[in-house]
Each structure stands twice: as structure tokens, then as C-alpha cells.
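The following blocks contain the structures, represented as C-alpha cells.
Across the two complexes that follow, chain A remains constant while its partner is chain B and subsequently chain C.
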Partner chain A sequence: MMQERVLDWLDERLDLSSLRHFIAEKKVPIHAHEIWYYLGGLTLFLFAIQVASGILLILYYRPSAEEAYESVQFIVSEVQFGWLIRNVHSWSANLLIAVAFAHFFSVFLLKSYRRPRELTWVTGMLLLFLMLGFGFSGYLLPWNELAFFATKVGTGMAGAVPIIGDGLMRVLRGGDDVTGATLSRFYGLHIAILPALTTLLVAGHLLLVQRQGMSVPLEIERRARAGKRIPDMPFFPNYVLRDVLAWYVAIALLAALAAFYPWELGRKADAFAPVPPGIRPEWYFLATFHTLKMLPAYILGIEGEQIGVLGMGAAAAFLVFVPFLDRRVSRGEPSPLFTLIALFGLAYLVVFTIVGHYAE
Partner chain B sequence: MSVFLDWLRSILLGSAILTAALAAASPAQAQTGGARAPNECATCHGGLSDAAFVAPAVAFRGGDVHQERGFTCADCHGGDPTVANKDQAKAPETGYTGIPRGTDQIAVCARCHSDAAFMRGFAPRQRVDQASEYAVSVHGIRLAEGDLNVATCASCHGAHGIRTASDARSPVFPTNVAATCASCHSSESHMAGYELPDGSPLPTTQRAEHEMSAHYEALTERNDLSAPTCNDCHGNHGAAPPGVRSVANVCGTCHAVFATKFETSVHSFVFEAGCVECHGNHAIVAPPPEMLGTSEDAVCSQCHGGDDDPGFLGARQMRAGRDRLRDEIARTADLIERARVAGMEVGDEVLALGEVRNHLVLARTEMHAFTPETVQPIIDEGLSMLTEIERAGEDALDELRFRRRGLAVSLGAILLFVVALALKIRQIDRRRLGAAD
Partner chain C sequence: MERQKQKEERASGLDTPVERRTFLDAVLGFGIVSSAAAILYPVWRFLIPPASGEPATASAVAARLAEVQPNTGILFRFGSTPGLLVRDPNGELRAFSAVCTHLDCTVQYAADTSQIWCACHNGFYDLAGNVVSGPPPRPLEQFAVDVRGEPGEEEVVVSRV
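Moving on to the complex of A and B:
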């Protein structure tokens, strides 16, 4: 009764009838691959957790080389439930990137990027890169030893970009080396620039998904064209409740990880200390890191690292433009070449991440 | 009195050698610039069939510091290096001296190395008192007495192929010093006839003993070039055994606080050989825990015994206090480590533990004053700090248990909600399928 009165009150002022109609009419197709639909919602949910926990961390975090480490130490040891917020933020960041990658590969293999969803794919790819940017910039913020030296290596790789490499590295570091200036820069990037870009892209991505509805696999689409009915379910409440169920499972997993595997703070960064053994980036950069490490010093007279960085840039550009390159699938025909590319990419990431983890 | 007169005579004799050396000739004229004059000595010696004659030329040209700075064979040996004919090159008017031995060798080296103005042109920071130090060393004194068996400059530095002391290939580089000294001092035949002040034969086991020591381990295993080797205690150019009364001063050069505490102790009046009485000399090792106390293997019990002996009681009290602090540190560190491994933030406690460990070191240092009443307050303060750390560690483990209980409750609530949600989904799905039918 109360709910109806509130909705009526809002309706009178905002005219929500079209939205209510949209929600009531929106359907989600049911088929063997529908499970992959939940990854998008889960990614968004984990991003929301990042925003909420990140805002709470900002209340105590101090972004300077002198105070950053101590402020995180204070958060996890003195602030009420600070440990929980920090651990949830760290674990959720990793789960978010894992789920975002799973979402990316599921969309790639199901060819959901085909016409008319090219822009949904492009915004999604840009969002994936932004998530990696969040991971890279956030890793340095506790200002601990591992993060300091890993950032040194990571920003050093930017220096391998031909022509603009040196300038790019200096812009990233805010100077010649990783210092407090880098920390301030990464902090600004992490809490202002990247969130602003992400908000815009998420809004665009969601708008496109809602406007175009869920994509179905190619063979199901063919059956639909042949006049066969595709079973579906109402978006609200049937699909939304399933989404919420997945979110609760994610919350339970996050809570368990935060309580049993707290994110270690390590030792405070010291620019004059010797580089500790086992310096490597976060797991989602291990494959690229290990690839660059394996390249010979020179390939055809050009620096191996430069070729590696160029190759990765080309691969990223290729991925952004996949919908425009895969012409067969746009015509509704199978495109085994792009399936192979996706499978090769998945195998490469898995194998090189594992090898990179165990490499000396 | 006669010993003193002998000593005085030796010093005067040594000084005479030094004066003679300085007056012998002006320093050699090194060719530091421009084209070098031909060195026929090296050319001729390099082509001889006898390896003994070839080796000096090869060594001199193979990285000798003097050769690199423009000195030639003639600067030490005399002769005319510009003449290829052997007889002309070594003619008496050329000042050819042959191989300088004994006091002559000291004089040859001192001609340059004792001339501050000359040395400024090559090694301005190098000392120029080696010859005067040598003159008062045991080696120098014996040489002055005519003993040609003793070490001279070349015995330690080499004759040809001399390198700076900072060159790791030099026989006087810290890691090589022990072997250099041992080339004579470990040789029973070479040392035969030499005696200690008490008349006993001079031992030849010093190097073997030194290799068992903590100092040797620091020098060779940890590459700590500041760790002492022979010359750090005995001197180098002025080599002499540290006299019994000066041992504490020698050890105190590095172990300054220990030496200061020892100076204030009653033992400083009793121990003839200072530090060596308890710690030994060449074979010195890190003091084992049982060294202090009243057990049979403790050094204290070698002199002290019985409950009516204040020294015995003091040793027992200091050992008990130190052992308690050490054991409590280990127990508390284990507690903090458990909390750390479980992911709790205990950085402050780890730092505080370091501070308590410093107290243990302080207590060990204070023990060299042998006054239990000054050791006990340090032990007590350490134990009091440990109580605080232990409380913080227990709090961290309590917090961990609270978190896990909280997690169990939360997971239970989430599980209930998930089950309820699944049932609700099933219900509305059935309702929808029913409506569709």
C-alpha cells in the first residue's frame, strides 16, 4: 500500500509510466549459454563495491610518500572495520578484473559483438582497459616495497614505446623516477580521472545493452529467423532476482577472502633499498610482463621491448575493432577464424600468467 | 732494565736505517708524461731462457702499480735501462745495485714512500710513515739486529707486480692478508727459533685458528671487509703482538662499548690478558649462551665457585636474567608471527620487538661491567615492553577470532538469504510457466 503511494507520488512528478512499461515488457532470452549473461551484472556490482569501499578508504588515506603507507597501516589496524573495507577493496578489485575478463571472453566467443552491437563491444573493451588502469594505479597507493618496484618496472615499460616512450614515462611518473610525485599522480588517476571516464562509458554501455536487449548465439538467432520461438523470461523480477543471487554469492566470497586471506601490506617502500627478489606485477599483467621478459634484446635491429610494446598496442587496437573486422559474423555466417583467435588469446593469457608466476 | 736497553737500542738502530734510507738518494724520477724511454732491462730479461730471470719482467709489465705510473726497473735496481749491452747497463758508474735485500730494500722503498712531497704527485692520500713504523715493528727491530729472515716490504707486497692494497688481487687486500702473514707465520721451519716473551716457541697455528673465528667468517662469508684480519690487531708496517695490557684497547677499537664497560669492571684489574681471558684470540667465536653463568662449561665458573662467592652469585643472576629475556622474546615473537601470518597488522609490535632485542644486546653489553645491579634494570625494562607487545599480540588474535565468528554469522545470513531467493525464483518461475500453459 505504502509502496504504491510512493510510486504514485513519483509518477505524478516524473511520469515513470514509460520506464515501468519498459521494465514490464523487457524479456531475457533463455538458452544453453544464458549463464554468461550474469557476468556483466556481476562486473557492475563489483565495480559498485569498489566505488563504495574506495570512498570509505579516501576518508583516511593520505596520498603522499611520507604518509601513504602509515595511513593504510592505520586503516587496517586502528579504524573500526577498516581492515574489512581495505581487504574487500583489494579482493574485489581482483575479482572484478577476473570477472571482466570472463565477460570479455564469453562475449568474444559467443560473437555477441556482431551488428548491431559494435558500440556495446567498443565501450566494453574500453571499460576493460580502464579496469586494468584502475588496477595499475591502485597497486602503488599503499606505497609498499613490492608495489613501488613493480610500478618502477611497469612505468619503465611505457618508456619502450617508440618516439613518445620517454615522454610518456615521465608523464606517468611525474619525473624521471617513481617518487611521491608518481603517487600523487596515480592517486588522482585512480580516484578522479578513471572513475569519471568509467562512469561515462558504463552509462553508454548500459544504455546500449538496454536499448538493444541481450544478444543470443548465432544458431539461436538463425532459428528465430526461421520462425522458431526463443523461450524467454521477464527481466523483472525473474532475471533481476537471479542477478541478485549471483551478487550475494560474490559478497559471501569476498567476506571469506577478506577474513581468511587479508591483503598483506608488506614493508614501506624505500627508494634506496635493494630491489627485493620476486618483483612482479599483479597477476593480470603477468602474461604481458613475462612476454616482454622473454623477448630477445634485439629483433631485426630493433629493441625487443619496443617490438613487444608495439605488438601489445596493436593487439589492443585489434580487439577494439573486432566487430568491424569480423565481416562474416556480421552477415550472420560463422567466423571460425575469430573463434580461434579468441581461444588462442585465452590460452596465451592462461599459460603465460602461470609461467610468469613461477618464473624466476 | 736490560730488556728496556735492548728495546731502546733496537729503536735507535731502526731509526738509523730509516735515516740512511731517506738520505740514500733522491726519489726516482718517474716518467709521468710524454714518450717513455726505452727499457732495455725488460726487453733483455723478457727474452732470457731462465724463468727466474723472465718472471720479474713479466710480473712488472702485467699490471704493476709502479710500472703503470711510469717507473722502471732502474728506479729500484739502478743501472742504465737505455743500454742493451748487459755489462754497460750494469756498470758500476750506472749505480746498479742488483736485488736490494734486508735494510737496503727498506731504503729503496722508503726513498719514495717516505717522501711526502714526492708521493703527493702519485698518491696524495697515502701515508708516508711506513718505514718509520717498520723500524719499530718486531720485523724492523729484528732486521736491524741482522735477522734477514724477517719480513720486509716485498715479503708482503711482492717485488714485481705490486698492486694497491685496495686491489682484490693484492696480497695485502683484507681477504688475502691472513694468507700473506701465514706464508711465514704458519711455517714451522721459518718460525723455528723465534720465541714468545715467556720463552715458549712462537706458535704457527694462528692462521688455522683465525679461520675458525667469527672475524674470518664475517670477512669471507659475509664479505665484510671491515672485519678484522691479522693487521687490524697486530698492525701492518708496525706489526707487533698486542701486549697483554693493550688487548682490551685493540679489541675496543671496534667493540668500543664492551671495552668501556670492561674498563669500569673489577676484572680489568684482574685479567692480565683482558678480553682474551674469556674470549680467546685468534679462534674467537660468537660467545655461546652457556659462556656466562655457573654451569661447568661457563667461563665464570673457571674462577668463581660456591654460594658465598659474590662473583658466582652475580654470574648466576645475570645468566638467569638474560635467559629469561631471550626466552620471552622468542615466545612473544612467535605469538606476533602467528598474528602476522594470519594477516593481522602487527607492524608496530614487530618494531617494538626489535627494540626489546636491542635491550638484550644492551644487557649483554652491560654484563662486561660485571655488575648485576646495572644489568637487571635493562632486563626488567625489556620484560615490561614484552608484556605490552604480548597484550597487543593477544588482542590481534582475539580480533582475528572475532572476525572469523563474524564471518561465520554473515555467511550463515547470506546463505539463508540465497536459499530464500532461490526458492522465490523457483516460485515465480513456476507461476510464470503455469500462466504460460
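Moving on to the complex of A and C:
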């Protein structure tokens, strides 16, 4: 067969035997919590859709204050299937964030970060922050009213960081204010810097997952240690086909959302127009946004916003270091405190997102 | 007895049962190929740039007559492409598309030889637009020239023939 000859030819030059052996031997444990295993692959799949649709959008998008809005308008109204590509990019971005958050909470609650998977967790956390960065920078690119003012608020938050705040804000904005210079900067961030960092981190994250195999929940691991066998399934082709099934569900959902709920373009940004009412960021920043809104102007003589921004920085740092702080679970003991922290974080995000959505 | 019969049927090629695995593989392959097609078709169409929407220009004002001295040439906008207006040493006006027929460079008037010259690959055209030397395969597209307006204020109007 042709296929075999090509593989043989490659094998002779690259020696793929170890890779083939690895794929043949790879097994996925099957147990009650196995459903959460799909989320990582699904996140990666949605990211691949983002890369592909993003590359297509680059062909017509023009990153300047004068032309950005018009070029997006051109894409959705003149280019064949442009509406589809843009809607898929917008919807897939939102699904990606949602699935990444679900992945994060499932790993948190199953304590899969425990020894020896600390680095998998750290790279994953950094990837989640990068995804939020993608969302924030991509939101501005259509250069519409909502995005323009949301970016003003968002970059203004960086200004609240003590000492380095002003400098940080200027670096983010490419000047003192949100202008065409900000747009160029966000564009570079969105299509070059963030993708490069993401590629590196995804490679590390996947390498770790492959080297260490799937994590099994603590209780099941204990049962295995007591001599009970955990049922498993070959990764290829059995589990891969299940993964593909999940991807198909995602494609179907994306196609339906893109076709029936087109992403609004809104009005072109105008720095001299009054801020439209109901200005708010993307849903995944709503909880943060609402928290900052609720803080009083001064807490113990310090600006409330500074406290808020510092608190969020501290929370982010805490999350990155969770595997090193949760000592009990690394010793193989349950750690109800961290379960409680995860549940509290989840409840906080859900409640504040909903409240932020309905608040004036 | 029964088995022997089945074997014979298979050997004869009649009523060959399709293996379950072969059938499922075919269904799976068909599914994957058709989804790939459903995804790649819009992508392919997206890559094709839409028509610019600009109507083809029929005529344009190239210059004021007073601006064009004998034995000179000037470039002007003809829609989205450049045009070349030439006034020969005798004062006669001619206009051409300034897009070289070789590789789309913009041509210019060479006053020393009274010819039209393309600097990219040294192509020469005479003042009727015909190729004199160099690589251009076809003559330049020639436009009609009209002079309109009050004496002293005349404009040179160029239009597609």
C-alpha cells in the first residue's frame, strides 16, 4: 500500500518506532470522573479554531483607527462567508474561555495538580491568563464604541497598580490615552506576542500531560494502591474517537450560534462621543468589573481601586502556586480547605457575573 | 455443509458479505471527508477577494492644458489605475493607460527619445502606443483626448475609447 510505503520511508529516516510504541501503549483510565478529561482537548480544539479563523480574518482586517471598523464591516457584508468566519471567531473565543474555566475548576476540585503535576497546573494557569489576554486584546480590534470604552476602563485599571501603574498603563495604551496607537499595540499583542507565548506554554503543558499520563482522583488512586485495578481504555483509536465526538458537538454548537446569533458590530468608536449607557466588558470580566464598582472610594485611607487591583493580583498569584500551598493533598491526604476555596471561587465568579450583568 | 456452501458463494463473488469493520470504517471516513468539505468550502470562498465594487472609470480630467508643455508627459489618475498624458514636440496631445503590458509597471515619457519608457525592464513604446523594443507583448491601451473649457482655462479630458 502507498500509505505503508510512505510511513516506511519516513520511519527509515526519523525512526518513529518510539512514538508509535508510545501511542500504542497510551491508556486512559476510565472511572466516574472521566468526563472531565474531555475539557482539556476541547479547549485545545477551540484554540485551533481560533488560530485558523484568526488567520483568515487577518487577510481582510486593517489595524488602524481609520479603517479597522470599516474593514470588519467589509468582512461581514462583502466577503463571501465573511460573516461566518467572524462569527465563528467571536463565538469560539467565548466558548474557549468558558471551557477553559470549566477545565480549570474541574482540575482544581479533583486536585489533579498534586505531586507530581505541579508544573502542568502552573503552565495551565498561565495559559488561562493568556486566554483572558486574548479576549481583552481581541475585543478592541473591531474598534467599536463598546470595545473602545471598555478598553479605556480596562487599561485604566492597570493605572491603579501602585507605583508602576502609570507606566504600565502608558505601555498598554501606547500613549496617554486609548487611540489608534493602542489599536496597533493590541493587534500585535493579539496576533503575534500572545500566540507565540501560548505556543510555548501549550507545548510544555501537553508534553507534561503525555509524560505523566492522566491524573486519577485521589480516592480512586487510593483504591488502586490497595490493589484494585482501575479499568482503562486504549488512547488510540478508542479515546481519540470519543474526543473527536466532543469536537463535533463543539462544531455543531459553533455553527448554530454563528448562524443564528450573529455577533454585533455596533457603532464605530468616537473618542469625542459621550459614553453610551450600559457600557460593560465581556462576560468573563464582569465579575472583576463589578467587584471594582462595588468597592468604596477609600478603604483605610487607600484608594479602593488600588485595593481591588492588588487583591486580584494576589488571587492570581495564589492560584498559580496552589500545588505548592496544598501540602496535604501532595502527601495523599484529602484537603477539604482547598475544595472549599475552589467552591467559594466558583460561587463568587457565578454570583458576581450574574449581578454584574443585571446591575445598572 | 452449510459452511461449505457459504464458502462457495464467497468464492464466486456473488452476495459477498461486507465485513462489519469495513462498513463502519467507510461510514466514518465518509463522515470525516464530508465534514472537512463542509468546512473547507466556506474557507475557500472566503479566500477569493470580493469584486472591488468600484465601477470601471469611463473618463477623467487629466490636467489643465496650460500645465502640459510640449515634449513632456504627466501621470494622472484614471479610476484606480494611472494614466499617461503626453504632449509631443509638435504640441499634439495623446493619452494612454500608464500600465505597462509586460508586468504592470507604470510607464513614463522619455523626452530625449520622444518615446514612452518603462523603467522596470527597459521597454519602449512609440507615441502611438506600439512596442518599439523591450519585453512588452502588446501596445499600450490608448485613450481618447478632448480639450474642453474657456480659452486659457481649458481642461484635458481623457476617456476610454
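Quick note on the criterion: the second predicted complex is superposed on the first by the 360 of 360 C-alpha atoms of A that agree within 3 Å, B and C clash if a C-alpha of one lies under 4 Å from a C-alpha of the other, contacts with A are read in each partner's own complex, and residues count from 1 in each chain.
Here, contacts are C-beta pairs under 8 Å (C-beta built on N, C-alpha and C of every residue); 3 or more make two chains touch, one makes a residue touch a chain.
Nothing here was measured: the structure is a model prediction, and the numbers come from that model.
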item: Which of chain B and chain C A:245 touches, first, second, both or neither; value: first
item: First, second, both or neither for A:36, with chain B first and chain C second; value: neither
item: Partner chain in contact with A:321 - chain B first, chain C second, else both or neither; value: neither
item: Which of chain B and chain C A:233 touches, first, second, both or neither; value: first
item: First (chain B), second (chain C), both or neither touched by A:79; value: second
item: Partner chain in contact with A:265 - chain B first, chain C second, else both or neither; value: first
item: Partner chain(s) touched by A:105 [first = chain B, second = chain C, both, neither]; value: neither
item: Dominant contact partner of chain A by residue count, chain C or chain B; value: B
item: Which superposed partner A:59 touches (first chain B, second chain C, both, neither); value: second
item: Intersection of the chain A residues that touch chain B with those that touch chain C; value: 84, 248, 251
item: Chain B residues touching chain A - in the complex, by the definition given at the top; value: 342-345, 347-348, 403-404, 406-407, 410-411, 414-415, 417-418, 421-422, 424-425, 428-429, 432
item: Chain A residues within the chain B interface of the complex; value: 73, 76-77, 83-84, 233-234, 237-238, 241-242, 244-245, 248-249, 251-252, 255-256, 259-265
item: Parts of chain A lying in touch with chain C, wherever the complex brings them together; value: 52, 56, 59, 78-82, 84-85, 248, 251
item: Contact footprint of chain A on chain C as seen in their complex; value: 35, 39, 42-43, 45-50, 53
